[in-house]
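As structure tokens, here come the structures.
Consider the two complexes below, in which chain A is the common component and chain B and chain C are the respective partners.
And now, the complex of A and B:
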């Protein structure tokens, strides 16, 4: 089949990094460490703007099957994705199965009449999953926020910098499981940054006192 | 050897070999380079920067003003202190004579940073700091404890006892307890070097330096910890200070505490014939310990009353104690090291004190100065303490406490109490003290009395500063350079302030002290850079098609953080050849480029049209759904800030594009206006820059290609006119097409969800093969648009150019009541006919490609530049070879340029004047006949 006739398929900007991610996990495990880095499955993503006190919220919650989180920097789970608080009137809605209910064409009519907006941003970001006992230590090498489970437990999220890339960071667990959304154009940089930062864990752990 | 058995915390079972100034020596794990050199009797390590006087080791840690060395192996580093360099096997170093030398090879070590958060940060793991950390940890707090030495314990001596056991046992117990807490981070070899607002502290951890050539490559050599603490406890100790006397800079003269530390920590007896000069009790312990280890010690105390307990302890070990006596000078041997001290009577002391006493070492103690730097960094007030003869923390700074010797508390019981309060362990009562006799300098030749040994600055230099009219310590510091060396005046700062005050007849407290600023110790730039070097220096942004560009040999150009293909050379092509070929393809057949880097902003809401009318110079609310309009944004000053196209997707929905470099700035500019000036407008802005991959497909045969790839599309000019857009689909994937042309040719922009970008690009390239489709880069894009006179914002404009200057009055609406920049257009200056206009410029020889940035001057009939000043008419903003015109051409900003079309001007270029004709700025297809194909 030639490029002229091959069906259009979505590409993941981090596909080519998967062998390097897998090698990292192996090398860290060989040192007794626990660190898994992998591209997260792509999900339909919609940026939702909405007055949280306005009349559209119940209809949106019904469409999404979950309420919009109103506590700053938190996210809630839906059946196949997340609703992530981005601001007092802004959320990111993700849907791994690309459910039509959770997409721009379905959501905009629910909010447009009430001063809201819905924008398809599926291609805007890609996500990385980072988990394992060393996950938080790795993030500490480039993220200025306090990610200790007492400050950033599961269910919390933050828009912050990791290295020099803006990221949307979700705590999936208490200190050992994270989802990192990054703008697609920065994905390669961030992958390289993470792999380089993790060099630390590829060799023997430093002796006590170092 | 000066090593004595039974002393020190070094590992004598292992021997390390190192080289200093070409000679091989041995030492032990636990040694510093300084202790190992002193063990071998090496006392002269270098020479001073200004006077070339011999320099030795004056301290046992980072308060050493003189013991600078150049490290050669394992990695070349200039001007480190021998007293802080941990000895490693194979170390090669030499003394510094004057200045150090930067490495000429790249540093291959890793450096990184770590963000650390805690409830309590404790700086210093001496007795006070250890207990402060323990207290916080026992409360369940998250604690970080940093200490710059190899091991915890601060200045505790082996003979000290805490809580009924040897102090070092007690320290080990506390360290072990701290290690048992999950949320306690205890870092030795870590120096807090800067303290900033809101509990922010920077600390440098030396992680592998002490491993020498065995340092594992996967670990960062040094790490900057960026610590954010709710509460910071500074327990950084105190620095012993010297006294200035004549020839006090000779090798063999060191701080009394250093002499003691070399014995107790490293098992090195620094001298056999030791003189001690003190104004304080602490030096007695040094005298007694050195005497106990075999030295013959004479102690000169400036005070007429000596401490009873310590005097007894000294005389019991054979120390001669001479009260009321000060050192006034020294003598030296051929190597410059001290061989004798001259003493004299202290004020009120024994008039017969004047004598000369042979010695090989002179220990000096002028009392203690609290290491309150980290308190001063955040503008904590320091007050002069007459008893200490030093500045100590005075006022309070929220969130910061200073305890122990850093707070001026010099006794162990006091330090423990400040660290642990009621939980403080017990210690034996300390012997009664005799107050310090604060003494900055003794009688003698001020030109030989060194205040800052690192800068060769003397009491005479201070006098000179005062004679020149300086009165502030800050001015004296800068005039004399005292306190500006590697040690930042750790030992010299206080005595410089004291001497200055005395010379001015003022009190030291009244005069004040210089401000301490970060960094507390020198920090390598490599450590500050961390991993942000090489490929990670700055993020590289790439589009979905980037792998294809790489695979097809693109030469890339950095546009902001983006990597954009500049051109796609074929084998043997240089840039000019490739660009001429790409341009020709775009004007004759079909060409494609990756325009995905364009900024894209989704604008939704009932007031979207109104909002865009206010931020663009032209009207956007009148744009019909399905249509596209070019727009210009100006700042308040009416100068062009950005441009792009606007698609009206629905009545309340627009998609606008920005320049590649302007994307974030424009979104910020729009949000700024929306949130602060017009919050009542019901509009939402969302960046979709990376959601959409965008490919301009350009050229007379582009319609043919689109018909072929998108069979559902009616691509006829009537159905799909210029500046309109349509949605279609390919394999069920939505695709948006817009007839936008940045080249003047028939052209389409193909937009798709960027996840499908690479696949669609490959489809278009494959489908266009039979049409000769040619991928092109930014250089060709620049040429094509310049031939049409389309400006690049930021290249043809520089923030001083209006739309009118660009010949785009048509883009400025006369109908709108207001928009950002409108008022500025009414200014007389904006209507000056002599403003610079964007015009075309054709070198009359049809051969010379003029450089961008070249100046334009009036035509000189004799072909020579008139004498300066030569009036400048403007400059060239863009210049290229044109395949279409078959000649070079340029765009330029020229004063009154539109009125001068047809005139010939001169451009100075490579020593001659090149004649060029001013033309209109549209050079290709000025009638616009090509855009519909």
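And now, the complex of A and C:
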């Protein structure tokens, strides 16, 4: 048996869903709607725990290039990612360009001496991006939160339930652009749920093969 | 569905929360000194009032933080929400 050599490349866990996502966008557009569902690039993620009133905070903010959001359920942008509020002493730091082995070691020395922790959680979540005019309407079918821009504007985030899956929802724009972080093992379920929930936006023809 | 007011996240659906039993049950300062009966009381015996009851709840699907709440066991209405470690607030109509 001859060994086939293929170049290794990073694959998104939901890559195999992309044709189904593209078909959704196409069929919704044919109905005059606007809905784009796509896998978001896998970012390096670090779970950061630290005392919000402690001495480590300025150094962390300097290292990340942005302050840690203090207001519950908000996120701030950094050069290549986000800092997301997860709890009063917990944040999720994402970075699209950090080396796989760099994010955690960069933060850990800053917080370790002050009772904090930085743990790499890159494999924990999978990200999906949902945008377009119908995005909010689609989310409303499975999420109890008020996602109207007056209550959930850009810069807000929420850990909540979408369908039966726990998600971390980030508002990138005002009401039409969302990033959905979901636990890896729930990613397939959520992709299936979103496609199913979007059936009503596709028009009369039943969706084949999804 | 009832909304529960998480001290961090604000009002969220009841489905996102889990119940944690009676609040303000503190660990005995010197467990060795207790008789078996006293220890049994600490481990197994809880109040079961008809009316306002201070309880622990956790926002499991959200910020995963524990907090205390006073709930009316007759109506399942949440009367007050307050942080772990704080004293039980006076509740209108309650017996606190």
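Keep in mind that, in the parts below, the second predicted complex is superposed on the first by the 189 of 210 C-alpha atoms of A that agree within 3 Å, B and C clash if a C-alpha of one lies under 4 Å from a C-alpha of the other, contacts with A are read in each partner's own complex, and residues count from 1 in each chain.
Throughout what follows, a contact is a pair of C-beta atoms (placed from the backbone, for glycine too) under 8 Å apart; a residue touches a chain by one contact, two chains touch by 3 or more.
The structure presented is a predicted model; accordingly, all values stated were derived computationally and were not measured.
Chemist: Taking the superposition on A as described, I'd like to know which of chain B and chain C A:79 touches: first, second, both or neither.
Modeler: It touches nothing on chain B or chain C.
Chemist: On the A-aligned overlay, A:161 touches which partner chain: chain B = first, chain C = second, or both, or neither?
Modeler: In the superposition, A:161 touches chain C alone.
Chemist: Taking the superposition as given, does A:87 touch the first partner, chain B, the second, chain C, both, or neither?
Modeler: After superposition on chain A, A:87 lies in contact with chain C alone.
Chemist: Between chain B (first) and chain C (second), which, if any, makes contact with A:144: first, second, both or neither?
Modeler: Both chain B and chain C are touched by A:144.
Chemist: Looking only at contacts as defined up top, I'd like to know whether chain B or chain C touches more of chain A.
Modeler: Comparing touch counts on chain A for chain B and chain C gives B.
Chemist: What is the contact status of A:188 with respect to chain B (first) and chain C (second): first, second, both, or neither?
Modeler: Touch partner of A:188: chain B, not chain C.
Chemist: Mind sorting out which residues of chain A both chain B and chain C touch, each in its own complex?
Modeler: Common to the two interfaces on chain A: residues 144-145.
Chemist: Chain C touches which residues of chain A in the complex?
Modeler: For chain A paired with chain C, touching residues are 72-73, 86-88, 144-145, 158-161, 166.
Chemist: Any idea which chain C residues touch chain A in the complex?
Modeler: 1, 8-10, 12-13, 15-16, 61-65
Chemist: Name, in rising order, each residue of chain A that touches chain B in their complex.
Modeler: It is residues 2-4, 6-13, 16, 42, 47, 49, 108, 112, 115-125, 140-146, 148, 150-151, 163-165, 183-186, 188-189, 192-193, 196-197, 199-200, 202-204, 206, 209-210 of chain A that touch chain B.
Chemist: Using the touch rule from the top, collect the residues of chain B that touch chain A in their complex.
Modeler: 110, 112-117, 142, 151, 183, 188-189, 207-208, 211, 216-220, 226, 228, 531-532, 535-536, 538-544, 546-547, 562, 597, 602, 604-606, 652, 682, 684, 686-693, 730-731, 733, 753-760, 762-763, 765-767
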